[in-house]
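Shared between the two complexes below is chain A, which pairs with chain B and chain C, respectively.
Take a look at the complex of A and B:
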């Protein structure tokens, strides 16, 4: 039982990251009816922006020393004699990085939001009123542009970034089994859940959220009711890119930075289909289910199956519920 | 026009010259071409972009030495995106464009080598090296024109396991990526472990990128392994696994194979995440570039790098990935030159025969001593250990051969 809990928690932590990625795809789809195939590459850009602001800029000669490593006297004193992997040592190592982590996150969110706005204004808005298929094809083309641009700007070099939270090991006993958790993963999960919850609340309870829902329901009617549909489009892309930046930063801390980060979006697309393209709650359930299923399969059947079993589940759900777990059923009237 | 004996002979000579000229020109190209596909984009672009400059260096060096029997050589490299089908298409295009001037090719993955292997027949066959150490390729009967520029992954596992055994290890874990690259030496590794009396307590497969680190580290912790061999990774996953294990205080000794042994990556991890790679060991078929004593060939590379790559990080350091490529190109050049010096045509059969005939080759420092091509591979290597303080991998074993 203890082991079950261990792998279930591991799965939930992965699932929360999937949910954070999925929220961007759902936001864009809800507002614009466009499935953004390039979302993984927006996340990759977010990760590279985090790398730029948390590693490259603080490493420059002209950058203040405290930005690269904040070392007040009291912290140096506390650090002395501590083992690198001791819990307090790990917290202090992280604390020294706090300024650049904050700088990195703010920079990544702002730059990625700007990028999302730029994409919407220059590529998507001119296609408003055209077939949705054309807009989807633009997102497919965007994959090549974004991956090529990232290689040009940052090269394909693999690099590593600081953890967003202290990566202290956490151990506790459940049913006689020692459960191990990473501090950073727990914080990542909390961040992902908070952002996810915030967006859902925003869509449900705010004026902007009502406008998004109205646009999702019927763009023409929303227009005629005085809702600025182009503004909604723009907001959706900004929201997707900003949340994508946080997701990218988290992924980069777990896996390092490389152009392959962009591929992550494709596996999450399957999760979004399972949950329902226009349902935040459905996607959340799907992301958590796939995360847990992956961890359980890894535990019981090994990694060879871990990539297959969850996606078989996705297929089964889609066969029986083509609109996903909680997706809105569309009725075409002829 | 009346056709007398003189005009008949003159016309005949002219016609022969006209028809024969292309054949003669074809047989003696102005320069020989060696093609290459590299993953300049895609998941292994980090490695591809570090390897690419090696071709410029090799072209300069080999041509300064007289090319192949006085004929200069030219490398033509193209991007594959690490997609085997792209490499095959690149190879076919090189064949069509260069014809008989194309005398060798360098592919960028095991998948590409396997995909191209059935195409290497008759006039379409060329000598072919690659970045791969796949065990299946080290078989001259099934892959007569393809070769490895070092030991197979199976050999590397043998070397690592022997070293673990020598260090008194008994329980090992194998963590590998769920790719062909990751799975390659598994079955052989099981047999070697049994032969050496080592118990494999965990075989764990992970994603090649974006692996679920907590889950894998948990399983490693529960397995009770003393040593863990990591296989099938290049820039990612292996550092995170080691970092995770260290965070949990696992005393496991980690070991890697060639692609997980690059100093540049280890240095970057140390700079960003601290010295947790201390004690990380792995098998390396070649000397590192900074170990240039008794390595005259490396000295030549270093001198050229200073000039050709001035102002870039490549000026002072050649990655292990580029060294592997250079070794592959050196072997190809040796086979081509030996064939030309023997007065034979540079056909794939003749060059492959020369390649398999390489015995006691003094590589100029790549390996510990003279090496021979045995089953189209060089089964030697030694174990190195990384020190975050010095930023160097230093040898902890003698050169071991399989």
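Take a look at the complex of A and C:
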């Protein structure tokens, strides 16, 4: 039972990150009716940007020393006489990294938002009003462009990336079994949930959120009501790539940086379809359940079977509910 | 001149090559293909064989995406199934005389592929467009994952791949690239002709009706269930044939050769060449295979063959591949076939109105 809880919690934590990635795909779909097949590769770029700003730039000679490792006097004092592996030590290790974590996150979000804007401007805008098939295929072409560009730019081997939060192990007992959690994972989950909730609230309550929903409802009517549809498109892409940057940074600290981060996007795409393309709630449910299912598969069948869980799940759901768990049924006119 | 297009009877009007320019083009290219193995170097032979194998698969994707309008991003999996079925059946029937083995194994591989195609096509009855694209993508991930599993490793070799047999047609051992070229070219031309003729039949017309509007097609009495699954089966069968040739052509096959990259290459070749046209796959495959080669040659010349810079070749090829797809979608969505159509039309009408 305790082990079950351990795996369930692990599943919920990775589910939260799936939800964070899914929010980017859903936002772009809601506003532009385009499903971004290359979202995983945007995330990969986010991870590499985080690596650049948090590891490469602080490591340069011209960078100020406090950026690489922040060691004010009081911290050095506190460090004196600490035991190895003490929780306070882990927090202090993290505190020394705070400047470069913040620098890295800001840099990653800004650069990725710029990249998203660039993609929208140069590739999506010219196709506005054309068939959706062409737009989706453009994102498929984007996969090759982005993955080629990433391996062209970042040739260095990706090294250690600083964790976003102190990585202290947390142990507690449930039903007589020990449950292990890592501090960083919990903070990652909280960040993911906060961003997810923030975006859902934004779409629901703010003026620009209403504009996005109106565009999703009917593009030409929204246009004639004075909503600048191109601006909405642009905003959706910026939003998606900025959240993608945060997700990329989190994934980089969890699994390391590698080109396979791009493939991660496909499993999230499966999750999004499973939840219903235009429903934040459905995607959240799908992300959490796939996260838990993956963890359970890992527990019962072994780690490698976990990687096809999202694909099997989406196939099963699509056969019974063609528009996903909570997706809106498309009305077709002949 | 357009006057050359005058037809005196229905028979002449219904011919595949219904004007002189088309005849000239097709018979001319067949002649070139026949001469090719006598003049080409080994590397050119290798490229030609690769193109032929890819072409058969792209023709398959064309049946599904171009003519029936069902988007698939997972056709690499059918090629994988064809290739692995060839190896598995060859090992299974190893008691039979070698000369007739491929004659049994290739059709079996094609049939297995078609059956899997029907299974993968099942979601197409419920979903279409984007959802179908993701469903096929998911199916292809599952297929390559299963091939890699230790569970099936005794038959598939798992992640390490498996050695493939040599084709032996009635005692003629096809152990060089030049001999394989003959088999591949003959089969590629046959599949092209078969695809062309498919769309002059009732079945092919039903596919086109489904592409244009599936509900309207259903109202006209076309069974969506039957024809969508048939389209999936035919398309997967072509890919299975391509996979069988793939297995015979290479000495060893690996699961990673059939992953997403292959599926994307198939779709990209189709879009670049022109969807829903017989010659589309031919042009598309030519461009998709030749452009990376040209980049390799150009990069080699520009960097003077230094190993330091050679590692940039792969990424540059990848970027150009993506740019090719994107550029065609933005500038010429109907593909190269549209360009050649324009040229042919003006040739037909010469010296009168152009365009």
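We adopt the following convention: the second predicted complex is superposed on the first by the 323 of 334 C-alpha atoms of A that agree within 3 Å, B and C clash if a C-alpha of one lies under 4 Å from a C-alpha of the other, contacts with A are read in each partner's own complex, and residues count from 1 in each chain.
Following the convention adopted for this analysis, a residue touches a chain if its C-beta (ideal position, glycine included) is under 8 Å from a C-beta of that chain, and two chains touch if they have at least 3 such contacts.
Treat the numbers as computed from the prediction; the structure is a model and nothing was measured.
Asks: What does the overlay on chain A give for chain B and chain C, a clash or a fit?
Replies: Because the two structures are overlaid on the shared chain, the partners are seen to clash.
Asks: Could you say whether A:19 touches chain B, chain C, both of them, or neither, answering first, second, both or neither?
Replies: neither
Asks: Who does A:132 touch here: chain B (first), chain C (second), both, or neither?
Replies: Second partner only.
Asks: After superposition on the shared chain, which partner residues are touched by A:147: those of chain B (first), chain C (second), both, or neither?
Replies: both
Asks: State whether A:180 touches chain B only (first), chain C only (second), both chains, or neither.
Replies: The answer is first: A:180 touches chain B but not chain C.
Asks: Check whether A:123 is in contact with chain B, with chain C, with both or with neither, and answer first, second, both or neither.
Replies: second
Asks: Output check: A:161 vs chain B and chain C. Expected answer is one of first, second, both, neither. What do you get?
Replies: It touches chain B, and chain C stays clear.
Asks: So in the superposed three-chain picture, is A:268 touching just chain B, just chain C, both, or none of them (first/second/both/neither)?
Replies: In the superposition, A:268 contacts neither chain B nor chain C.
Asks: In the superposed arrangement, does A:307 touch chain B (first), chain C (second), both or neither?
Replies: In the superposition, A:307 contacts both chain B and chain C.
Asks: Report which listed segment of chain B has C-alpha atoms clashing with chain C; options: 25-33, 115-123, 169-177 or 331-339.
Replies: That would be 115-123, the only stretch with clashing C-alpha atoms.
Asks: Take the contacts of chain A with chain B and those with chain C, and give the residues found in both.
Replies: Shared contact residues on chain A: 147-148, 151, 155, 263, 304, 307.
Asks: If we count contacts the way the header does, which residues on chain A are in touch with chain B in the complex?
Replies: Checking each residue of chain A against chain B gives 3, 6-7, 10-11, 13-14, 55, 84-85, 90, 93, 147-148, 151, 155-162, 167-169, 171, 180-182, 185, 251, 254-256, 258-261, 263-264, 294-295, 298-299, 302-304, 306-307.
Asks: Which residues, counting only chain C, touch chain A once they are in their complex?
Replies: Spelled out, the residues of chain C in touch with chain A are 71, 73, 122-123, 126-127, 129-131, 133-135, 137-139, 141-142, 145, 149, 213, 215-216, 260, 264, 267-268, 271, 311-312, 314-326, 329-330, 333.
Asks: Across the complex, what residues on chain B touch chain A?
Replies: 40-43, 45-46, 48-49, 178, 203-207, 209-219, 221-222, 234-237, 239-240, 244, 246-249, 265, 268-269, 271-276
Asks: Could you list, by residue number, the parts of chain A that touch chain C in their complex?
Replies: Residue list for chain A touching chain C: 35, 37, 123, 126-127, 130, 132-134, 136-138, 140-149, 151-152, 155, 263, 266, 269-270, 273, 277, 304, 307-308, 310-312, 314-315, 318-319, 322-323, 332, 334.
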